[in-house]
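Single-structure report; data block below.
Chain IDs A, B, C and D follow the sequence of writing; residue 1 opens each chain.
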Amino acid sequence: MPFRRAAPSPGAFVQCANCRKTLFAAEFQANLKVCPHCGHHHRLLWDERVNLVFDEGSFTETDAELRSADPLGFPDYAEKHAQAMERTGLSDSVINGTASLQGQKVSISVSDFSFMGGSMGSVAGEKITRALERGVSERMPVIIFCASGGARMQEGLLSLMQMAKTTAAVESCRSNGIPYIAVFTDPTMAGVLASYASIADVIISEPKALIGFAGARVSKQAGVGKVPDDFQTAEFLLKSGMLDRIVERRNLRSTLASLCRMLGGHLMTEAPRG
Amino acid sequence: MAKSWKEWEKPVLELEDTIKKMKSLVDAEPDPVRRKELADRVADYERRRDAYLQTRYSRLGPWEQVLIARAEPRPYTLDYINALFNDFVELQGDRKFGADHAIVGGPALFEDQPVMVVGHQKGRTIQERTQRNFAMAKPEGYRKAIRLFEMAERFAMPVITFVDTPAADPGVESESRGISEAIAASMLAMFELTVPVLSVVIGEGGSGGAIGIAVANRVFMQEHAVYSVIPPEGCAAILWRAPEKGAQAAAALQLTSDSALRFGLVDQILPEPFGGAHRDPSEAAKTIREVLRAGLAEFGAMSPEARKAQRAARFRSMGEVLAASNS
Amino acid sequence: MPFRRAAPSPGAFVQCANCRKTLFAAEFQANLKVCPHCGHHHRLLWDERVNLVFDEGSFTETDAELRSADPLGFPDYAEKHAQAMERTGLSDSVINGTASLQGQKVSISVSDFSFMGGSMGSVAGEKITRALERGVSERMPVIIFCASGGARMQEGLLSLMQMAKTTAAVESCRSNGIPYIAVFTDPTMAGVLASYASIADVIISEPKALIGFAGARVSKQAGVGKVPDDFQTAEFLLKSGMLDRIVERRNLRSTLASLCRMLGGHLMTEAPRG
Amino acid sequence: MAKSWKEWEKPVLELEDTIKKMKSLVDAEPDPVRRKELADRVADYERRRDAYLQTRYSRLGPWEQVLIARAEPRPYTLDYINALFNDFVELQGDRKFGADHAIVGGPALFEDQPVMVVGHQKGRTIQERTQRNFAMAKPEGYRKAIRLFEMAERFAMPVITFVDTPAADPGVESESRGISEAIAASMLAMFELTVPVLSVVIGEGGSGGAIGIAVANRVFMQEHAVYSVIPPEGCAAILWRAPEKGAQAAAALQLTSDSALRFGLVDQILPEPFGGAHRDPSEAAKTIREVLRAGLAEFGAMSPEARKAQRAARFRSMGEVLAASNS
């Protein structure tokens, strides 16, 4: 699996998705895909995320052998899935691994929105579950980076059950003293938000990330009150008490490292197990 | 594509009308021979009606299953609570924000055993539907459920849930009070329980709103209930930008009880009286009573730790994945 | 201690505090002090409450020896307290005991508003605590009838600490599987509401009872939004999710009996202790 | 009756002004003899200032204690967090309704040991005071605290709370979201903890709003802090229908640190630098650091069960009752 992508060619340009200003691609990349003009945090690919946060060269992929099964024979699913694999070089929307964070070993799971909208089917659910379980079995903190439109409807009720399955794994972390930190990135929605994402010990979000249960259109139709301007943004969720903090990309590494060190402090001092 | 369950029940309703009229003729007929003749014809009509219902309901398509699962005369949670339990005391507060009538719950006696019952509740009148928000629970509904689950744990009461919701409430207020967190926290609370937990999907098992209270040791599903990751209309809207293709989506989603059983996502299908649970609610309740009794006996005999572990393992096994030979 | 008060003299009248209609005192008494015209639930004295709910003759008073100490030498406190004792025949605002409820033994505590507004000082706090502890030690449900203006300021910080002390006793019930039911009656306020009252397993209220944290005037000054018409009534609290149900006086006995039977079911079947 | 702590600090402020001016004269003076003379006079003024402060602050009346406990320059929770802890990461959500800035909290390192810190937070600017609602927490503030207490328990982190609030928020919205339940539930959550819990009353220990986060194994109280069942003005309003008689009420309520210690309701008075904690915040912090260190060592050495039992027993013993000889 290609881990470091090629650097952008010198002189290439990109456009900010928010303020529409033109940026040097190399500068944009060097600024962690945060627009220097408006501060907009553009989506990261999974390996960009890993490079951003974890100690250099410390990432080791796990659970890479899992593949989707198309259990329902859902119309066009096999085809769409194959295309996504082809286009992204990934086998599904979630990448698992272990890494170190300022020297502390952690179990991680990273969703990549570019793979079928980061949707959670059986493979994603299994990987999230294993990342949490690995935290329990190897006594280390778990960090999950969320980026998902929700459950993968092409796997029907099996996808819905991933909500319960991943929640069971969170329960295992909680009853075993394993810290679990969720990082919401743009977007974190629906079945993912309504399961493992929202019950992390600590929830951090990138600025302006779209976060919600239902599509904004559905919510607005269903509601009777007025819709706040910042509805379903990270800033809205912070005010609503659903997040612990909004952290800019450049501070993410240090915040996560502090949290893992403190919440996982008891893991360092405990007697070694089995 | 049918728009309502009434479409295929129309012949039945007509037949029943005829039967009713003829029965009054039978009663009025003085001549015993003629009365016998008429009574035979009534019996014949009844056989025809039953045959029709049996055939028709045995070959309902997925979309028709959706329609019948949503049908107003279908028994709702409170109907089953009345039929199956004694001394139900509804407890209303979430102790945080509000009283949500889309989910009802409280302690009750099941064959003299105290249990905690929780379920989605639809309404039949327009007023009740509004009051109950069409069984679309808000965060406070799930937080009430959590409170009741935790109370059940403290007092060693088995938990029984009835699932019947189109979806959790998606409104702006529910978002701002954390509907997602509430659903997730409710599932989490159910995984923490060491008491037996049994769930019955009695109507619409609508996505996150349903699984939020369906984390059980054993999940039963009535024959004509549906259980789906997304409403078929929503699925059609996303896939084909055509919400009216709900029937196609219903087929693709495999949301019927036999599919759920085939994938191992529910444990047992509860056969309904032919023509659906609404034709004979007390018979439908009887079937539920039997599986609840068996389930309580089975899980009641387990240790608390084993019950919790069985529940986690049940959901842990769900999902269909392949393993690549070289990775 | 006088347990059954004298019946009202025949032909005596009382006036409904709500609708102001004139009622025969005997009829009013027979109707449990509920106005037959408007349904208003008038305040009950502690023994009227006990007679209303529990099996006849089953009440045995406990903890009757506790007396207030005036630890601060607070201006006029000793005098006021003596007057209240004189007037009510009670030693303080809370009466403890055991009783049976449709045959099930329960530990009970009843506040009487007529004694210094049912306020909670050291004696009331101690009694509430003992009623809860008795539930734990004798494995029986606890029912507390609340009627209080709040903490008794004449005992200063000692009164505030009764909030924590009674909460500790509730914690003991919770961790020992003892059901604890609170019945809010008019009024249930401030330090009592913000401690043992609000953390009962089940909370029932009589209709129209005044229930609140702060005096209504303070709340209205502090708030920015509009004040609902039914603010700080039982009906308001039911809508706000703070109560489980509002139960009319005539149904109180049967509701409490059902709840004790069901929530205390495991106490019947468990092996006898110590 | 003084209206502000500034009234008795006025002579000090004047003296300090003089001292400052004279110091600049000393620096500018070329003649060593004359400089010595001036420097001696400066030292003399400083002695006089210190003597005044020491005398004045050692005989503050109850009402003056109330005023100084409420004084704006007094160090607040975040000042002590900054002085005593490293790596504090504020966690904001109650996961139910909102973010309340009247209570702050999160994990931090105390001398390399991870702890969970929670405290009321006042504001100094008008803007910050409004944002923090004058440290009057709403239900969501106490529910955030509960979340942090429970997190501390999961990760075996001692809990340290700083108490500094006039009262919990009494507004209509707080009532409708259950401010009473939130306070009670927060106390309950603290009684459930098996980790060490230490509390420091650093300013106003205002009734239910204060005790809501002050259920600790050991409660420390700064010398000039106050702790009361009701604000003195409120007490005066009820007793004498004269809120302006706050000074009388303050005396009657015995809300000072020495009274609290005498009744056994706090465990230790933390002496403040003379002239109050605001004259030397780092010295005040040092005193707190020492008792926290000792408290963590003492309770860290206990078993989890013993810690929980000690906390319950600590509050169980509170209250002064007599027993009638014949009852």
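What we mean here is this: a residue touches a chain if its C-beta (ideal position, glycine included) is under 8 Å from a C-beta of that chain, and two chains touch if they have at least 3 such contacts.
All of these numbers come straight from a predicted model, not from anything done at the bench.
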{"item": "B-C or C-D - the one linked by more C-beta pairs in contact", "value": "C-D"}
{"item": "Chain centre separation in whole Å, for subunit D relative to subunit C (CA means)", "value": "34"}
{"item": "Distance from subunit D to subunit A - Cα centre to Cα centre, in angstrom", "value": "41"}
{"item": "Centroid spacing, where centroids are CA-atom means, of subunit B and subunit D in whole angstrom", "value": "55"}
{"item": "In subunit C, residues with contacts to at least two other chains", "value": "174, 198, 240-242"}
{"item": "Interface hub residues of subunit B, defined as touching at least two other chains", "value": "95-97, 177-178, 181, 185"}
{"item": "Chain-level touch network, classified as line, ring, star, complete or other", "value": "other"}
{"item": "Those chain pairs that satisfy the touch definition", "value": "A-B, A-D, B-C, B-D, C-D"}
{"item": "Subunit B contact footprint on subunit A (complex, rising order)", "value": "64-69, 71-72, 74-75, 91, 121-123, 125-126, 129, 151, 153, 155-165, 167-172, 174-175, 190-191, 193-199, 212-214, 218-220, 222-228, 231-232, 236, 240-242"}
{"item": "Subunit D partner contacts - residues on subunit B that touch it in the complex", "value": "95-97, 139, 143, 177-178, 181, 185"}
{"item": "Subunit C residues within the subunit B interface of the complex", "value": "174, 177, 179, 198, 201-203, 238-245, 255, 258-259, 261-266"}
{"item": "For the subunit D and subunit A complex, residues of the former touching the latter", "value": "87, 89-99, 106-109, 113-114, 140, 144, 151, 154-157"}
{"item": "Sites on subunit D touched by subunit C in the complex", "value": "168-181, 183-185, 187-188, 191-192, 207-208, 210-212, 214-215, 227-230, 235, 238-239, 252-255, 259-260, 263, 265, 311-312, 315-316, 318-324, 327"}
